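Listed next: structures, encoded as structure tokens.
Consider the two complexes below, in which subunit A is the common component and subunit B and subunit C are the respective partners.
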Partner chain A sequence: MAVHTSQSVAKAAGDDVARGRSRGTGKSAPPSKLRRALSVHWYAWTMVAPVVLVIGVIIGYPLVRGIWLSLTDADERNVARSIGVNKMPATYEFVGLDNYADALTGNQFLGTLGWTLVWTVSCVTITFCLGMALANILNRRIAGRSAYRMALILPWAIPGFVSVFAWRFLYNENNGLLNKILGGAGIDGIPWLNDPAWAKFSVIAVNVWLGVPFMMVALLGGLQSIPSEQYEAAEMDGATAWQRFRHVTLPGLRPVSTTVVLLSTIWTFNMFPVIFLLTRGGPGEATQILVTQAYKFSFEISPRDFAQSSTWGVLILVLLMLFAMVYRRVLRTQGDNW
Partner chain B sequence: MTTATATPARHSARKVRKRGERSPAASLALHLTLIVTSVIAVFPVLWVLLTSLKPAKYASTTSFFKETTFENYTNLIKDTEFLSWFANSVIVAGLSTVIGVFVSATTGYAVSRFRFPGKRGLMWTLLVTQMFPVAVLIVPIYNIMSTMGLLNQPAGLVITYLTISVPFCAWMMKGFFDTIPREIDESGQVDGLTPFGTFWRLILPLAKPGLAVTAFYSFITAWGEVAYASAFMVGDENLTLAGGLQKFVNQYGAQWGPMTAASVLIAIPAALVFLFAQKHLVTGMSAGAVKG
Partner chain C sequence: MRRGITATALVATLALAATACGSDDETGGSKSSGELSGTVTWWDTSNVGSEDKVFKKIAEGFEKKHPKVDVKYVSVPFGEAQNKFKNAAQAGSGAPDVIRSEVAWTPEFADLGYLAPLDGTAALKDQDDFLKQAAASTKYKGKTYAVPQVIDSMGIFYNKKMFADAGVEPPAKIADLKTVAKKIKDKTGKTGLYLRGDDSYYFLSFLYGEGGDLVDADSKTVTVDNAEGVKAFGVVKDLVDSGTAKTDATDGWENMMSAFKNGDVAMMINGPWAVADTLTGKEFTDKANLGISTVPAGSAAQGAPQGGHNLAVYAGSKNLDASYAFVDYMTSVESQAQTAGELNLLPTRTSAYSKKEAVDSEIVQFFKPVVESSVERPWIPETGSLFAPLNVEYTKVLTGQTTPEKAAKATGDSYRKLLKGWK
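Then we have the complex of A and B:
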């Protein structure tokens, strides 16, 4: 439908299009820079407009508001609210960076951050290694390959909350299947979700289970884009299987791996549903990661502490942005460009 | 058209086939690994299915079959608003998918083909939006939705889900479009197509695998989202499946009977979409996620 409405208009801009595309913006004559930019780039801007608009409104405003709240002492008792017909105006006050100082000097934030890092690093590492191994196996000629592939991708196709409930069912201390099996073998039941150490193990296991399919599919795609000539050449030169993996497969997968590792680090760091639905951060606060704790501040404790919650949210964002920047910087010095 | 993109993959697979011969022991080890991992992947889901077929009172027994019955399903459909939750979810996920695919395709194409001021910023923004913790956005988004009168409306959820799925999908589509030769665009322009015409008539048909992955991802995201869904939709008949399922857990402890039955019914559409998309999944991701 876009075709008909835009045809005549776009033709006029057609010339500039080609130029603008091949050589960027040839900004030489400034008479009306904006208009020129508009005539060159208007369709590119049109194409990205919906995204920019939606993201601007739905993400931009909450972000600005979150940053503002983190600089105040807003909680449930002093934000604007209506009780019956009475509207109470907001009475919270600007407190500068106090919230940040509190968070960064207190034990709670740093403790939670520590576990969040352990959680993220172990989940991403294990998921990546498993995904890599499975992708390599599935990339070979092997009987029943597509059946295996379907089975292995299945956890991705099932909505996350369903699989998390399934796991809770299996983990159940008294009636869960896992403990029944252990009991059958004469081993005492394990308090999967009720002991701090086991709970940490269990949430990581579930997240790995959920994350492997994405990793595997992405890496499998990457493997298939490595030209087979490279393997043949390596084999001609007498490279062993390990050497071929090390010097052909890994470098060939580099573009894929860097992207999926970045994405899955970000996703895991903020993996709300797994922790929330499995343990709600418990037992105690053992499995609480930064996001679930931030959620807890604004929804579960009383009085709800919006300022604290926003502060943690902003800190999460800052940490992830720092990570992404360092990550890209490291990659760039190693010769990747973005 | 699609075959053109799929050929390299098949080509390499055939080459691999010609080369490595494996010892029977190696084959056995590979199969064993795959079988064990497949079982781990499938079992939790399968167990839910088996449990849903047992009478509720046996839900926590370990036998695989016990008095197989469909009563959990019939009760679920008779006693709860399950069907309206289901309909709500279909509307929300369907709209999110269609709009999400379209929007991320145009964005991905613009970013892949044109240099324009703000492109780098846009790419970073798309990445950064992945970093926002839901927990922090949820209250302000709730306020926006209530100001715009979109609470309890499918549209409110659709817009919210777009902010989750589109950034990743646009990245993926960008990577995918990067693999389609620019000469195709140029030939289109030579033949007098507008940039939009080129995109719509030439590039989109070539990008089917990428679109399939995008659709899969948007659908799964919208279908399985819990936090926003349970915050924005209230009232029994307005819930989506994710919100509805919470009821079985929170109100009376866990009611495994209806819960497992509901889980199975929820998983079916997702699995169908997955079946439809899976043959494209590898090709689509290979070009897409990958080049990012």
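Then we have the complex of A and C:
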């Protein structure tokens, strides 16, 4: 048996060499298929290689490393460091899925997730409704239309951190403009960022303010692509303004709105700067969303808990992937071609 | 890639260190000052707009003594410095040669291996001259990792004019604090006290006042969640709820300083680091209007935390010799006398207290006994980590999101997670 096998291997090897010399006469085996694919597409592969390499380095490596860290107990004190004369080797250990079990059974992750969902849903809903209303208003021929459009795009044009800091000044309880105006009208100042409920309202308001321009521009584009014949035909049939909006505008906007809602959801879910710069997740941890909390683990507490931070990061990724899959499936069942 | 850079830096550092050692041997102990060269980057964390100018001036004075050395003064906001230094130190690039390290950060940085041991270097001169309290935080596992620059504690800052208008005296006890604040409110319409709600360092004197503490390092016990701790959370909650104090969950430092400087509040709890900034306020154009008294006593005791700042040298510094000399210069008797005179900061050297500048400063003279009787924290690597969990619960109590009992328990739980094996 053993002899037989070795003989056949030797034979096969010999065959291979022979086939190699007399190219094209042998029967098409898998390796030659690959070879053919390479010989046909080598140019494409070469062109793609740098991109694949760069993506692998800047996305693949951190992702794999993040997943690996989430399976260990790595923190600031046990990772490898070499500073000048001090050299310390890594001493963290593999702990399996312990971090995930801790995160999913403790109430910190679930509590933060709850507020993150409230934050995402309310921001996206309000932004979408406001964007839709403004887009419809600006789609008509009104005087100074382009001036309005410019003004409404302004929040988008200002760097995010600049506008968030401006809002932080406005919100200041004792010296902020908002409370000065209220005080002028004889109303008591509102603890915008100092009361947990008001702080939640305040961060949502700022994010809506930042998000409306994008919604508006995207939906305005969608509105302009709806053929005017459809409106004319609807009007001929005696449709009211509401019916025209309901049965012509909304279906016409569908391809645009599904995309912007998906994008906006993902962006809002991970909207780091607004929360971090406005409240740092406070007061207490009232406005802490998943990404800001993950940042806190990794950069603000000491010793920095890299393992827990990566765990939260991976969980955020999984949640968003699940959302995107469900969203796609729902759209597909409704007949959208995704 | 990062490892490559670190390795290169390491080799470079070793090479530099080796050559530096060589030159050291040649000239022996009588090393002339002109020999030091290169750049020394210093991260200063003092208050921008008041203290930083003086420190910059002093730091640049080093260049006059050592013309070949270029001192790069970088002002880093105190609140960001700890994280910024950790990021840079761990990445192996962008870290300064010398950092002004808060007392609680020093053992932590040392534990992480970011600091160069200073025993036997030029940075440590006349060690016996340093106040014992100040030197304590610079030691970790038998080695010295920093040199004390300033020492401080806390007291009540009050507006003398407002106190006179209301006809009150500085409160000695927390119960008095409430009656004083009420009289001020009745007479002037202003709030009595500003209590920082976003930084639990300002909570410590209330905790000590009730006889509590964060942890007891000798018996390895977490003490923040015992009855005294719960009581202390109740005390600060009552101060805010009763209108004695106002607070903020964000921008606490800016709001506190502007409220006190503009006369919107009559008192704040603060330390010598706030004096220079306070004196720029419109209420304090006459410096005599600023009164300082000891923090009010709680039901069990009276106490304020001992704090301060050290100067530490980054272990990966490429210019260790000049850095050591710079640290020595910045903590010398002359430099300390100058900061005592211009900024009312407390020296860490005993001999600096006999200098005219320190003797003439009322604030230095006031705080000297306060510092001597202040509560010393355990200098373990985790001391600097105790504030992050406490901040969250402290703010939650002040904003009514949790009860004192729950807050104390939650803080204790996270301390036990942090301090493995503690009771």
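One rule holds in what follows: the second predicted complex is superposed on the first by the 283 of 338 C-alpha atoms of A that agree within 3 Å, B and C clash if a C-alpha of one lies under 4 Å from a C-alpha of the other, contacts with A are read in each partner's own complex, and residues count from 1 in each chain.
One rule holds in what follows: contacts are C-beta pairs under 8 Å (C-beta built on N, C-alpha and C of every residue); 3 or more make two chains touch, one makes a residue touch a chain.
What you see is a predicted model; the values in this text were computed from it and never measured.
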| item | value |
| --- | --- |
| Which of subunit B and subunit C A:G106 touches, first, second, both or neither | neither |
| First (subunit B), second (subunit C), both or neither touched by A:E300 | second |
| Which superposed partner A:N175 touches (first subunit B, second subunit C, both, neither) | both |
| Touch count on subunit A, higher of subunit B and subunit C | B |
| Which of subunit B and subunit C A:P251 touches, first, second, both or neither | neither |
| Contacts of A:S310 with subunit B and subunit C, given as first, second, both or neither | first |
| Subunit B versus subunit C as contact partner of A:G284, first or second or both or neither | second |
| Contact residues common to both interfaces of subunit A (with subunit B and with subunit C) | 172, 175, 299 |
| Residue ranges of subunit A touching subunit C (in the complex, touch as defined) | 76-77, 81-86, 88, 168, 172-175, 193-196, 199, 279-280, 282-286, 299-304 |
| Residue ranges of subunit A in contact with subunit B within the complex | 2-3, 6-7, 10-11, 14, 17-18, 20-21, 24-25, 37, 40-41, 43-45, 47-48, 50-52, 54-55, 57-59, 61-63, 65-66, 130, 133-134, 137-144, 148-163, 165-167, 169-170, 172, 175-177, 180-181, 209, 212-213, 217-218, 220-222, 224-228, 231-232, 235, 255-256, 259-260, 263, 266-267, 269-270, 272-273, 276-277, 290-292, 294-295, 298-299, 306, 309-310, 312-314, 316-317, 320-321, 324 |
| Of subunit B, residues touching subunit A in the complex | 8-9, 11-13, 15-17, 19-20, 22, 27, 30-31, 33-34, 37-38, 40-42, 44-45, 47-48, 51, 60, 62, 103-104, 106-107, 109-111, 113-119, 122, 125-141, 144, 159-160, 162-163, 166-168, 170, 189, 192, 194-197, 199-201, 220, 223-224, 226-227, 241-242, 245, 249, 256, 259-260, 263, 266-267, 270-271, 273-274, 278, 281-292 |
| For the subunit C and subunit A complex, residues of the former touching the latter | 6-7, 10, 13-14, 17, 82-83, 86-87, 89-90, 92, 108, 111-114, 116, 197-198, 246-251, 255, 258-259, 264, 314-317, 320, 384-385, 388-389, 392-393, 395-396, 398-399, 401-402 |
